[in-house]
Each structure stands twice: as C-alpha cells, then as structure tokens.
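Quick heads-up: structures coming right below.
Across the two complexes that follow, chain A remains constant while its partner is chain B and subsequently chain C.
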Partner chain A sequence: MTDSSDSGSAIREVRLGATREEGGTREVSYVIGGERGLPFSGNGPERLLVALEICDDPRFWPPVVRDYVGDLANNPDEWARAAERTYGADLVRLNFTSTKQRGFDAFDTIAATTERVLAATTRPLIVEGSNEPKLDSEVFRRCGEAGEGERLLLGTAEADRYRSVAAAALAYGHAVIAQSPIDVNLAKQLNILLRETGVPQDRLVIDPYTGALGYGFEYSYSVMERIRLAALADDADLAMPMISAPTDTLSVREVREAAPADQDAMAVAWEFYTAYSALVAGASIVCVRHPLTVERLKKALEV
Partner chain B sequence: MAMKALDIYKHLPKTNCKKCGYPTCLAFAMKLAVGKAEIEACPDLDPETKALLGGVTRPPVRLVQVGAGERSVAVGEEFVLFRHEKTFYHPPGIMVQVSDTWPEDEVRSAVEAVRDTVVHRVGQDLVLTGVAVKNESNRPERFAETVALAGGGTSLPLVLIADDIASFEAALAMSGHYRPLIHAATGDNWQALAALAKRYGCPLAVRATGPGELAALAGKCADAGVPDLVLDPVPRSLRDFIATATEIRRAAVGRTEPALGYPIYLDAGSLGETDATLAAGILKYAGIIVTPPLSPASREAALTLRQNIYTDPQKPIQVTPGIYPINEPGPSAPVLLTVNFSLTYFTLLGYLDASRIPCYLFVADTEGLSVLTAVAGGKLTETLVADSLKKFGVADLVDHRLLVIPGYAAPLSGKIEDVTGWKVLVGPRDAAELPGYLEKEWKT
Partner chain C sequence: MKNRLTDSLDAAIERGRTDLDARMRALAGKLAYADTAYALPVTYAVTGIAVRDADGAREAYRQSSNNLLVACECLMAGEGGVEGPYTGFIPDAVLRRLGYTLVDGSVTGLGLLVGTPESPDAAAAICREMQEKYLLTFLAGGVVEALSGAGVRLGLDYRLVPLGPQSARGIHFADILARVAMMFGGVQPGDVHSLLGYAAERAKAFVIAFGGLTDEETAFVDALRVLGIPILAAGEGYEGGAWIPVAPAEAVRTGMDLRGIRVTVTAIPIPMACSPAFEGKSIRKEEMYVEFGGGRTPAFELLRMQPREEVEDGKVTVVGPEVDAVAEGAALPLAILVDVAGAKMKRDYEPVLERRIHTFVNYGEGSWHVAQRDLIWVRLSKEAVAKGVRIRDLGTLLAHKLRMEFPDHIDAVQVTLVTDRQKVEEMLPEARAIYAGRDERIAGMKDEDVETFYSCTLCQTFAPNHVCVITPERPALCGAITWLDARIAHEIAPAGANQPVPKGEVVDAVFGEFSGVNRFVKKASHGETDRVSLYSMIENPMTACGCFECIAAIVPEVNGILIVSRDFTGETPLGMNFSTLAGTIGGGAQTPGFIGISKNYILSDRFLQAENGIARVVWMPVSLKEELGDRLRAKLAGQGMPDLFEKIADEVSAPTIEDLIAFLKRVDHPALTMRSLI
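Now for the complex of A and B:
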C-alpha cells in the first residue's frame, strides 16, 4: 500500500550543535530530518527531540514554572544544567526575555549568558534572541558570536524581520528557525526569502507557529500535516524539519485558573497533549516549559 | 471511488416501486450517491448488483452506533485521511474502563464521574462518552452485576470486555437491548460472538493483529450477519498503532479493502502511557477508545484535543453576531465591541459574568475570526463596525456614543471614530483585565 505520502521525497537533514571534531564543544550533536514518510510511519530515522525552555529574565515567564523551579529561575546556567541532567531534556532553548523590558541595552549580558549556558550544558542549544525588532541586529550578533562554531539553532526569523537572524547565522555558522503564522504558503515564502539571503537550505527549521491546545491548536496541527505532505510530494522549499513551541500554553485559562494543588498537573497535561500531538503532526523538536512535561514526553516516545 | 447518482440509477430496477422508502429509483440513487442510504433497502436487486453498488455507495467508514438514547455515540462515517481535506465528523467515544473485581463503590464513583462531569468550552458541553466493563473475576454473574452497576446501558453507552461466552451471555441478558459494544471476536470465538451480536443487534469488535487478519475476520463476521463492526488492531506500540490505523483508514477511504471500512478500537491502557495513547487515538482515527479513569487534568486536555481535532477546519466555532445584554444593562451601560469567534465571545463572557458589570457585548461578524486574526486579515474594519452598529440598532439601546474596542484593535480606533461618529475607548488586550478597566475608566 504505497502512495505519494509514503516513501516520498525526504525531509532535508539539519545538524544542530557541534562536537569537538565538528569545531564546537558539545558532547553530542543531533541530526534531525531525513524522514521519507508520514510521522511515526517508520519511514526514516525519526529523531524526535524534546527541548526545555528557560529564560534570562523570569519576570516574563509563566508563574507555574517559576514556582516549580524556584531559585533556578535566577540562574540560566544552573537552570540549563538541571534541564539536561535532572529533567532529561535533549536540549535547552534559551529565551532572552530580558529584551522585553523597556530601554534594554545590556548587550554584554547576552553574550555572557550564552557562553555560561553553553559551558553548563553538553548538548546543542537553541537560542531565542531578541523580542524587539529594534534590538534584533545587536542581540543576534552578540549571541551568534558567543556561540560561534557551536551550530546553534537561532530564532526567530519572521517575514518582516529575518535579516538580522540570517546575518548572524551566516556569520557564525548557525541554523535558523523560520516562523510564519499558521500558513503553508507563508512558510514557503519565508524559506525562499531566507534562501535569498544565503542561508543554506540545510540550516533551516520551520516553525509553523503553534497555538495552544484549545486556542487555535487545530490550525497548527493541520498546517504541520500539510507542510509534511508538501515536502513528501517534492516541494523542496517546505522540505525542512519542523519545530513546535506552543508558547502560550501555560497562560491559558485552564492552567491559570486551576486550583493551586492542581496547577502543575494541569500545566503538564496541557503541554503534553499539545506537544505530543505536534510530534504526531510532524514536528521534529517540541519545546516545553514545565520540567515535568519533558519526562512525560520522553517516556511517551519510547512506547 | 464514489459513483455519480445517474451511474447508480442505471443499475437500479427503474420500477419506482417505493419499497426502499423513496418515491423513485432516482431519488434513491441520489441518496446512495452521497452515502445517505443503504443499498440493502432495495429488495429487487440481484446479489452482484448489490455488491457492486454497495461497494461504491456506502460511506467508506461505516457509521456504528454504541449505546441507546441520548448519550449514545455514533462513530465512523469518515471520508478523509487528513482533517484539512474536508473535516472529521464523528469524534471518538472515550469509554472509561472499570473492572468487575473492583469494590462496588469504586465502580459507582467511576461511573458517576463519567455521567456527571461536563467540561464547558466555547459554548459546547464536552463529556466522556461511556463505560467499559472488563471481566476479570472470571465469574459471569459478577460481570453481569457490574454491568448493572454501570447502568446496564440505560444511560451511558457500554463496552463489554470479556473472554468467555458465558460471561457475555450473562451481561447481554441484562444490557443487550441497549446496544453495548461486545469486545472482542477473535479467530477462536468469532462464531459464538457473532451469533450473540446478531441475536441482540449489538455492535461487535473484532480483534486481530494487523490489517490483513482484521479484514479477514471482519469479513466473516459481516457474512455471519453482524453489520456493525469495530476493528481492534492489537497495537504493540504507539508507533505501531499510528502506522496501522493510518493503513486501515487509507484502505477504507480509498475503498481498496471494504472489509476495513469500520471504526477503529483502541485500548489506551494497554501500552502504559495513557495520555499519549489517548492523544494518538484522537488524532489518528480511533472511533472507540477505552481508557483507565482519568485525572481531571488529563480529562480536560483530552476532551479539548478531541474538540479541536473534530472542529471543521473551514468553519471556526461561531456565535451569532448581534448585541448581547450582559448583567441586565441600562441605557448608560458600556458597549463593548468584539468578534463572533466562539472562543473570544465565551472568554469575554466568563470574565464579564463573574464581574457582574452590566454591559452590552457588541458582536461583529468577522466570520469566526479572533480579534487579532481578524485585524491582521482585514476582516475587522471600520466599515464593518459602522454597518453593524446600524444593523443591530445599538444607538437606540444606549444614551451615549462611546464604544470600547479590544486592545488588539487599537490600530482601527481613529478610523472607527471617523466613520461612525462614536467616540472610541481602547480597552486592554487581555480579557482578564477588562472588568478592572471598566471599573476604573467607565463613566458616562
């Protein structure tokens, strides 16, 4: 029983992280992509990764996670170490939430924090640089430079702000997250724009934008399925691995308004159902914020 | 592939005898063509024609009803492999499993939880579907008693899970008339179980490893006179379930193997990871999912996922545009502009109800798009606001000309003022902050 959606064209492989032999300092590097069929169909390597998100300014982070991790929230490097060693994440996604504050200009800390987190971890790193278009060029330059040779996954490029990320990725050898709002054609257009800046195709990861469960997730789910089908049907501009980061998940009403004793359980359930479904739709990397969700996802991927 | 009404008509007797319940053969053909009639309804067809037309006119996945009455569930009658191709129609039944070895209290409270728990989301009431009773006591009378405790099928649909025929006989004697799903016919016992299912007119699950064996067994049971079947592929792993279920659905909708054209059964407790299995079943084609009792968090997330996946991708869940009085507003109450996306409306309503602030919700027709999406996509415009103000007669309801708009619609504020002549107040972005905002800022 074969048709175009099985054993079709392959998703392009993207390498994340660099070991010593590869010019970095990571103990492992990952290659994602390479599948030739629908997700979970056994057609291809299916290297699925779970990233724990951390940040450098916990004021802009969900209270349920702050309460759970306690002091770690004030030490990105300790937090990153725990993500890897205690919580079992395949990799860390470091969010520079400090760039959200008004008048931010502490660019030196961007570089320093990137270096500290790299030193605290042994695995590849995802860096979510600037939250503010005006800061893009400086922020991406600083974190890109600090991670030179480490083949970071740098985010996030969008249709109206991709040049600074692309420039940092090109200058320092990183891969790029390309985010578009839940639309196959917009995803494709952005990939083409990025290609024109010179970012090689095997350094692009599509973020189709993930709405939280109950808050638009169904659209994201279907767009991921459509992107994967287009890739298998030979659309080279969509044949990149996908990353899913349902960033609003822990601020939905169900989590915010859960009784204090149930908050962690609700947060984990909400993240788990969203992230697991994203994997079934074709994501190669899912990003979550509650440490307990990581273990649940890792276990689920074993059965 | 599906046949057109006229092509079907060519094969019918053309006597217009009405025995099928339709006035003419052509009318019957038209219903057949859209999967809304059964070929069996025409008594005057020879077996070959029946087989030919049956194969091309029935829905690729048969509609199977479990249970009777209000809470019964119908699953199957699906037409596509991916929801974006059209939509998924019949959300899977989620059946909470109890055992006949449990103390009565425990069974009772599990059943009550299924019966009474309702999750209200965007104007819909989401519930777990039914109860699966498993025979682990090896005592038929004990099994039957537990089935009775679970309501015997009178209120909630049931799945009866057992191995031996005596247990099924005992349980069916008391619940058989309420269409419980019998689980499961295997290569060894299918004759006896098919006979029981036929006697009571119940749906029957068939259990075999992989699509090939399932098709063979389903074929035998159908030939034995049981039309309503459900397929249990006995997955070894979650990946195996997803791959096999996909293969079954593909064969069904492609009509390459009619004996696979039935809903799929999944035991979410069998693989150790209940949440993941539930999610996989909801996403990938399960019709009946049996699960151990769920924590409140898992239950709410699973029901929400089921609601999401079974929402029509072309048509967001919407409320009727119009003006909605909240908390008995008078002529000086604020008018709050919003959109007709259900999620937006009910989110706002939740906060406004709780705040007890009297106001008018002024719901514009953005074709079901959220505020931010409607603004980004050009669906929420000053013209729409002006037209809607007129259409809903808002000016006659209040003695002021002040319009509170969502924070995300701020870019439209000047244009709305120009076109409507109303003064615009830009509210907060987050609905949670709306009551606080109104208390502070609203004065006429």
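Now for the complex of A and C:
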C-alpha cells in the first residue's frame, strides 16, 4: 500500500430507509459507507449490516431454508417480521422469486407484497425485483411505486439491464444495487452508466457478485479488495459501499448432500464463512438466507 | 386571421407575442394546477418562482425575460380544466409513471401533434408509426377530433394522450418536460441552464404542427424551440421561419432522426438463427449449397458512408441471380456493398465497421465468411437454403446487425448484393482504389498529427495498475487495438475501458514523454506509475499486463535489443524463453530494459526511438522475421539500411549469447558501435 489511503478519500455514504421525519415510515434508517481505509483497519465507521433474504414464492428457494422456516415461507410479511424480531436481522431483502414463473403477469401482487412487507417491518428494506428482463419494466415500476418515500435499496442493475431499476430509483427516490460479474472494470462502467442515467452517486451500492467459499469466492475477495483500494486512491466511480449475497452457498454439494441431521449446521457454516469473508473484503451489507446464519454473523461482529 | 399563404411565419409569431403580452397584462385572479408539487411547472423550472396568482405570474414572466412558454402556462392555468376524454394538466403521480417509461427505455421519445390535419388518415398514419416506434404522443387541437373521427383509439394505454381541444393545451407538453427534468434530471427550479441542457440532451422530443394554428398558438409552438425541440411543419402556412417543412409521411422519421431516437430491434426477420454461438462454425464443401469468391469467382465487400438522404434504412437489393437460380455446388461472383449513414458516422470508421461484416455473416447459422476486402470467401449451407435462406437474407442480416451494434453511429443501412459477374468485375477497381486510400490514411497517421491518444485498461481485471497508452504509431501491446479502434471503441462505449488521453505538453519528444499522458497514467494506475516514455524501454517504460505479442529485452553483452514473440517456445540468447521473460515483466509494473510490445510496433517509426529504434535489434526468432518479412525489409530500406535484415540473428544463426556475439561481429551489426545502452 502506498500512502494514498490516508489522503482523505472516503467511501460515499448511502442512506437506506426513511423514518417519518425523512418522509417514510421506518423506525430507523441506516447510513452505510464513509470508510477511509481498508476494512477492520480502524479507519472507518464500519457500519456493517446483516440482511435476511426472504421470497414471495418458496418454490424457488433453497429446500434447507424452506424446511427450517416452515409455514413462514408462505407468508412474506410474517417471514419478514420474524427476520427482524426473532432472528435479529438488521434488515430484510425481499426477493420476487414469483417472477421466475413462466408467463408471470401478476404485477399487482408485486405492489401488494411490497406494501405488506413494508408494513410488517420497522427497518429499511432491500427489494430484489424481477428475475426476467422482459418483466423488468412492469415489476420495478410496481416495487418503486409501492415503496415511494421509503428509500428502498432496489436490485439489481446489470450492464445490459439497468434502465428499469434506475428509472424506479429516480422516480420514487430509491437506492440501487449495481452488480457486475467479478470485474473491477465492469463495476466502474456500470456505475458510470447509472450516473449518466441520472442516479445520484450516493444512491449506489456495488455488488461485485460472488460464488461460495471454496467455489470461487477468492476471485470476488480480490475484486472487492481492488474496488476498495481504487476507491481509497480517489477513484470516485468506485467509491461506493458494497453488498454481497453469497446465494450459491446453499446449493453447493456439501450442503445439498449433508446428512439430514447436519443440514442446517452445514448450511449455516457455509453461509457464515462466505459472508464473513465478504465483510472482511469490504462489504457493508451481507445477505444470507438461513435464519441461524444471521445470529452467528451478528455475534461474530460484536467482538 | 390573416392569409398565412402570403404571410411569413415570423410575422405570425410576432403578432402572437403581442397578443400574449396583452393577455398577460390583463390576467387576474388565482392560478394553479391540481395535484402537483411543482406549481406552474415551466414557470417554476425557468424562474424558480412558484406562481399562485396573476401578479406572481407577471413577475415571473418579467424575470424570464418574457419567455412565451411562461406566458402560455400562466394564461392556461387561469383557464381551468377540460372535459373528458381530454386529460388537461397531467398530475404528478401519472407523470412519474410516464417519466419512468422514458428513463426505462420502454418509451423511446416524445411527440406533440398540434393543429388540424388536412387529412385525418395521414394523421392516423403518423400516430400508428409513432406507436410502432414506441414514442409517447401528446395531442392538442383539432387533431384530436380528426383522429377520433378516423377511428383511432386515444388514451394513455395507447400512448396517444389527448391534452385538450385547443392547440394551446400543448403547453402541458412543456410542463411535462419541465417536471421530468426536475424529477428525474435533478434540475433545480430556476436553473434555466441545466433545464435547457436536460431538454436538449435527454428529453428526445419533437413537434409536428398541422395547419390552422392561430397567431398565439403559432407563437407558443415556436417558443418550444428554446428547449431544443424541432418543429416539423406538416401543414401549410408556416413558411419563412425556422420550422422544418415535411411531408406527413416523412414526419416521424424526420423527427426521430433529428432527435437521434432509435428503436432497438431484437429479432432479425430471416429464416435462419443468428447468434454469436454460430460464429466459430464452418461450412464444408459437402455441406455447401453455393459459394462466392475464395478464388473461384471475383468477390469483394465494401462499406461506405453515404449522405443520409441516399440511404434507405433496411433496404436490401440483389442484382443478378439469386441462389435458387443456380444449381447446388455452384460458385457465384459477389459484391457486398453496404451503405451506412449517421449523424455521428465518420469516414474513418468505415474499415472498422467493414470488418464486422465478417463477424455478422458468421453469426448466421447457415452462412460462413472468411477473409476481407477483395479476398472474401462466403458460403451458404444446403440446410439453410432448404429452409429458404437466400442471398438477400445476408443483406437483411447485415443491415440489422449493424444498426443493433452501432446504434449511436448508424442511423440507416442499406445493402446491395451483386451476383452479376460483369457488374462485380466492373466495380472491383474502384473498390481496390478505396482500400488503397484507407491503407494510406492509416499508415500515414503520425503521433504528432493527433492531440489525443487513447488508453486501454481492459486488462486491469488481472493487472490492476496497468495502463496501455495507444497512439497512432504504437498499437496496444496485445496487437488487437489500434489507435483508430480505440477511438471508435470509446465513441461506442464512452464509459468503457478506452478513454481519451490528452497529450498535453511534450516533455521529451525523443523519449515520447507527454505531460497529459503522465497525468492520465498516474490516475489510471491508481498512483502506481507517474511517468511513462512511450518510445523508450529504459527510461520509464510502459507497464505490461501479460497480453503482449512480443517482448523486447536488452542484451547488455552486445549493446542491443532482442525481440521474442509469444509463439516462439525455445530459449533466447538471454537464456530465458518467452514465458520466463513474460513472468518477469507483466502485472502492471515498469521493468526498465524489458517491454511488452505488439508486432506492428516493430514496424513503426517510433519503435524504441530513444534507444535508436530498429537498428538496435540484434535477434528475433525466424518465425517473427518471416512474418514481418517484406514489410520489415521495406522499412529498413526506407531508413537506408537495406542490409540490416540479414544482420538480425535468429535461433538458427545464434542460439546462445556466445553465438550471438560472434554473429554480430561477423556481420558488423550497427548496435555494436552505438552509445552504450546501460
């Protein structure tokens, strides 16, 4: 490292969620970012958040989580409430897996579910909209509209499909997750594209994408490190907080083929170590799916 | 109203202005639109004043230097609403959705139709075309009734929004633009400069004016021009001003061209699949139905830029026999003539776009293409021809792909495919003259002729601090990107990995050090490298990623430079092979004495000129010498060293350093007597 890290360059702060005073209905809002050095180096506020992912159609969700949460899986609002009150998540990430269905057109339920989950939680919300480029326009408009004023973190913008997410963020005042495939250049390019669309820089969160630990996570680690070093060396187009969602961890062979009695432990271990590594690499938010992983991450962050 | 046919547009506008001024003076009472946080939006955006009553309106009008859009808006706000099916003022909540579709790309642009069309059917045709092109159209004035009468369905769902029965209601078009700029463009109320910038660059809008506008309406429509909105006159009576006369059938295309509005096409209407997945296939002789060129028949391809009016977008013409007129296994002559037009198109792009013909034809499941220019060889497979593929389809494929891949540069493409032998032969000499001209233009480009170099940071993925600086005389070290390629890549993807590098002051002309390059490299290398000499391998040489075609390395024992290319796997006289050398110089570090280069750089006048250039080169593998062959000989002859080629040793004449020393002494290589390198 050169002396560039103490030159004063900082990661931009991004505000998530809006309290009543801020025009929303959340009981708290979070600010992430603001670091002036590498993670855990004592140079930053280290505002680290753990999100529990939930979905609106459990058919497209890892069986190990489905088995664990039982009936909750059919009630996104109950699930979200439990995430916050029972499992201790800092926030919820709502995935509209229903859009994976062939011929999906129930756009009104998108708005309704977003509203229900917002009503069930008191904290900021991450919403993962459409899973299908053809649906983007309709889905993101519904999510955006339903969450107007709440400053959602909306995902996911990618290089070839970012317009609808950006439009929803602009029209309804949300922040955006910008995901690039483990590549610092592409991360930067997408941030520039989003900026040109008009999304303010302080409403962007980078998702450098990741595989599971032992299944390619080291590439992500290295890219996250580079993104952060570039940002600290004054590259404004990369100076955003990062989010990491190691979603593949629950489908690795070791978890899938674990003995029934070990499945939860195996799933939690795999999620925990990947997510914790992502925090070490510089992520501000990690998203996990197994409720028990949340507790373990929170405990690990206390020390 | 006076007779417009003998009257100029400007006179009507002046009269309209006088009338509007008078009405502004007489305006009284409260002024407001419902359901908006932007007061009277145009006025608010232009002046920053949230107008509530007539006095406020007059003050805002004065502050706007009597902007007629402000006047029209204030006057309209005093008139109250309209009855259905007209929408009148569009509330913020609806507008947010409209703005969303605009940012999101599901709406490509905005149109406003005003006046009363002479032919309702022509107006209906315009609306249909606007719908097909994903434009959102607003209607104000007699045009609404005319369209209803012609059976056109109106409403937001049909992307045809009837604002009101008078053309003056078109002012809502302006308040929509103003609010979109404030909601989505971050334009602050009162910041006219950014409002105009946003309207001109982002809000892709145009107006089509039919006949019958009153003076006031004419003045209002004309005032929209300040937002960068072109007014297309599709009716009579608007001559003598800045409005653009168009035939109704041409109106939409003209408007879209003027605003750079493009519709992305995703499916190409040809009877075969078309995808990069097929790029690597080959069509063997026994699978082939018909072929072109490849030595059997004369064939060539030529892409040229043409004036916009000479290119009819999507038009494909076949001159000569189609495939179904020839027997299986036949060979036909072929000329692929591609004409492109575009506001941002430049003649320099022609060869780069022409090279894409190769790629695109190979995208076709049943079409195959090799080589370039007058050396092409094209085949269509039996399977494809059986499915109905014709030569014409290659034209359709090319026209679509070029438009899709280069939407910012190409507005129109037409393709002519000639299979008539006599015609192909007649056109060949002209094509060859054009190729020669292009070669000369690129070959003749010098670093001192340009003010801007280009960077390439594609490899920062794995060499995070490496920055390639590409100049006309120094291609990227991978050999894949010339200065021209980088420039075009930048224009196509302005946020991409090729960025312009202003040269700045010349720090040292011989070493090729420029202040602008240093500044750029320092930033792009994240502070790792702060000085770069473009023409030296000793003082601050350029860093390398790992993709270099060749490595140049100093051989201290003989005071010379050796060059080894990637394909040479043996040992060099330095006792190291290519990959060992590569391991020591890559990764984005400056390694004085070693440098990664492209093959073409060896032939450049700027080749390591700080170290005496090509005359320093003492060793190259045979394969590289053969590849550079005549070009290198010509270069050396041009520099007055016709015998130097034979003085460069190789792995046969000098496999070891001892052999090399002996060889160079024997041939009396000039490097031996040059100033010491270290």
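Operating definition for what follows: the second predicted complex is superposed on the first by the 297 of 303 C-alpha atoms of A that agree within 3 Å, B and C clash if a C-alpha of one lies under 4 Å from a C-alpha of the other, contacts with A are read in each partner's own complex, and residues count from 1 in each chain.
Going forward, contacts are C-beta pairs under 8 Å (C-beta built on N, C-alpha and C of every residue); 3 or more make two chains touch, one makes a residue touch a chain.
Since the model is a prediction, treat every value here as computed from it, not as a measurement.
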{"item": "Which of chain B and chain C A:T19 touches, first, second, both or neither", "value": "neither"}
{"item": "First (chain B), second (chain C), both or neither touched by A:E254", "value": "first"}
{"item": "Chain B versus chain C as contact partner of A:K299, first or second or both or neither", "value": "first"}
{"item": "Partner chain in contact with A:N75 - chain B first, chain C second, else both or neither", "value": "neither"}
{"item": "First, second, both or neither for A:A171, with chain B first and chain C second", "value": "second"}
{"item": "Partner chain in contact with A:Y221 - chain B first, chain C second, else both or neither", "value": "first"}
{"item": "Partner chain(s) touched by A:L229 [first = chain B, second = chain C, both, neither]", "value": "both"}
{"item": "Chain C-contacting residues of chain A that also contact chain B", "value": "226, 229"}
{"item": "Residues of chain C touching chain A in the complex", "value": "96-97, 99-106, 183-186, 202, 457-458, 460-461, 464, 493, 495-497, 523, 526-528"}
{"item": "Parts of chain A lying in touch with chain B, wherever the complex brings them together", "value": "1, 3, 38-42, 181, 213-219, 221-222, 225-226, 229, 253-254, 258, 262, 265-266, 268-270, 272-273, 276-277, 280-281, 296, 299-300, 303"}
{"item": "Interface residues, chain B side, partner chain A - complex", "value": "82-84, 121, 237-239, 242-243, 246-247, 250-251, 256, 271-273, 275-277, 279-280, 283-284, 295-298, 300-302, 304-305, 307-309, 311, 313, 343, 347, 350, 370, 376"}
{"item": "Chain C contact footprint on chain A (complex, rising order)", "value": "2, 4, 136-137, 140-141, 144-145, 163-164, 166-168, 170-172, 183-185, 188-189, 192-193, 196-198, 200, 226, 229-230, 233-235"}
